[in-house]
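What follows is subunit A paired twice: with subunit B in the first complex and subunit C in the second.
What follows is the complex of A and B.
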């Protein structure tokens, strides 16, 4: 189980969220929002320098989608927590250790093969998570998930086509792809690591099944795809107890970047 | 509760038909299928709109243009966005599909059924699923040899 002890006071003073169900729901929403926010911001670094023009446009669209999804999820989070903060305050006003995105997203965007590998690992895991929320009993989330899945379908098609292209694109693309998958594979499962209180989520019909079951199915499907492309199956997740804490230096640099405007003029409306 | 006169609701709907997507001046938000609900009661005009894409940056512009169009009817106006039902491509009206073509954008279809908005050729190829806005893809027409955009089916 992910250890949130160190960051509870900073990240999640859920004073308005009550116990049990609300607290677990808030944690689920924040973890999803932070995942989308961090990968969206990180991938937006490609805008203007994508490998070809169409891809520059595509990755910028994908990043924009993720940031919009993060915003919608942060809004659901602040509705549950109801502590007076708005979505922007949650997105920008926490210190780096207050974020609970998965360790997979602590890696920098790297080169293009690295970005594709990270996106593929993330998108497949995110799709599995959204599928487990398709019939959620929390109606605002059910409505949003219905919408998100229609958009994410394009993300999955895009990144899977790129995975195949790099895997079969000759020695250099393949070498880079394999290096990225080897480096990030042990962190891929962190997106679907168990969350504190998730049994309450399952009991209340918010989440279809525990994350361990979602992860197992995702692992089987992704490994089949990787092996089909002549790539190695994913290794087990290392240090699953710190799946969403102890962030990297690369994330601290990213955090300094994405909070810069907000910090430069406190209280301003941009 | 004071219910609005039917005529008043009709006036609101007429005005909504004058609000256009900021990037597609030939299609109203009504024909785009963005209008989810319109209520005129409790002394207020309430309009609920559906975002085409969650991250669409035009949402705030559409919200404020809609509110401006409904100003001056003697009631406070409240325009909000909802995910109550997902906006899908099927919500476009026939007039909306014609309006898209007039703007040089192929209306949404299955990829195999997309036709060039300029010459109506079916000899087209998709260059990229991602275009200049979240809701559009890039195509090329082999008939008139022009690139064009197509609304993304969703």
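What follows is the complex of A and C.
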């Protein structure tokens, strides 16, 4: 199970929240929101420096989509936790160790091949996660997931098109892609690492099946695709018990960046 | 790069960017209209970029991309705007206004007033 030491009471105070179901649901929502928020902010760094103008606009737009998804998920989270904080407070007012995004997203955006590799690993895992929530019994989440999946389908198409082009685009793109996949492969499965209390989620029909089953299916699909492109299948996940904690220096730098404006005038109305 | 200098790419180099023209339908029933263009190496990415440029704010329901090189154009004004009077080719026939005005002037007749609602 993932170690959430350092998460409480900074990130969540469950006074007022109910039993196992609410707590597990809140963790699920926060982990998804943090994933979308971190990759969205990180990818937005390409704005203005994209490989070509069109791709600059495309990646910026994708990054904005992820931030929009994060906002919607943070809103569901604050509704469940109901401790008086709004979505912005959850998104911006936590110290780095209060975030529970997957370790895959602790990697910086790197070069273009790195960004594509990170996006591809994340988007495919996120798609598997959303599929397991398509029929969720938590109605607000079901409605949101329905919308998210319609947007994420395009995200997956976009990043898969790039994966294919880098894989077959000559020696240097392929070398850079392989380097990125090699470095991030052991962390790719962290997006689908088991969450504390996930059995309660399954029991209440919130999540279709445990993350281990979702991860196995994702791994089979992604391995087929990678091998089809002449790339190596993904290695097993390293240290799955710390899939969402112990964040990297790269994330700390990113965190300092994305909280900068908010910290500049605490309590201001923006 | 770590490879030996002069290493030859075994694989075809990446696609070369070229312009693609984008056509969009704003809502059901509208015709496709030219929206603009994008640079892309192939049709798949051209569609992705067209989607970002011309529909990321939900302003289209249908997009086409056409490689600009596949468009055959004609912009010769001698052919498109011939200098002689071609009004006889128009459904309304010759333009009579000027001839009528000249005839009235010769005969001294005024232009008839519009006869609204007299019947």
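FYI, the second predicted complex is superposed on the first by the 269 of 270 C-alpha atoms of A that agree within 3 Å, B and C clash if a C-alpha of one lies under 4 Å from a C-alpha of the other, contacts with A are read in each partner's own complex, and residues count from 1 in each chain.
Just so it is clear, a residue touches a chain if its C-beta (ideal position, glycine included) is under 8 Å from a C-beta of that chain, and two chains touch if they have at least 3 such contacts.
Values in this document were obtained by computation on a predicted structure and should not be read as measured data.
After superposition onto subunit A, the modelled positions of subunit B and subunit C overlap sterically. Applying the stated contact rule after C-alpha superposition, one finds that A:71 touches subunit B and leaves subunit C untouched. In the superposed model, A:175 makes contact with subunit C only, not with subunit B. The wider contact with subunit A, measured as residues touched, comes from B rather than the other of subunit B and subunit C.
Contacts of A:265 after superposition: neither subunit B nor subunit C is touched. Once chain A of one complex is fitted onto chain A of the other, the partner contacts of A:165 are limited to subunit C, with no touch recorded for subunit B. When the shared chain is aligned, subunit B comes close enough to touch A:147, but subunit C does not. In the three-chain superposition model, subunit A touches both subunit B and subunit C at residues 54-55, 57-58, 61, 154, 157-158. Residues 52-55, 57-58, 61, 154, 157-158, 161, 165, 168-175 of subunit A are the ones touching subunit C in the complex. On subunit C, the positions that touch subunit A within their shared complex are 1-3, 7, 9-15, 17, 38-41, 44-45, 48-49, 51-53, 56.
Contact residues on subunit B toward subunit A in their complex (touch as defined above): 51, 53-57, 82-88, 127-132, 134, 138, 152, 154. Looking at the complex, you find that subunit A touches subunit B at residues 54-55, 57-58, 61-62, 64-69, 71-72, 140, 143-144, 146-148, 150-151, 154, 157-158.
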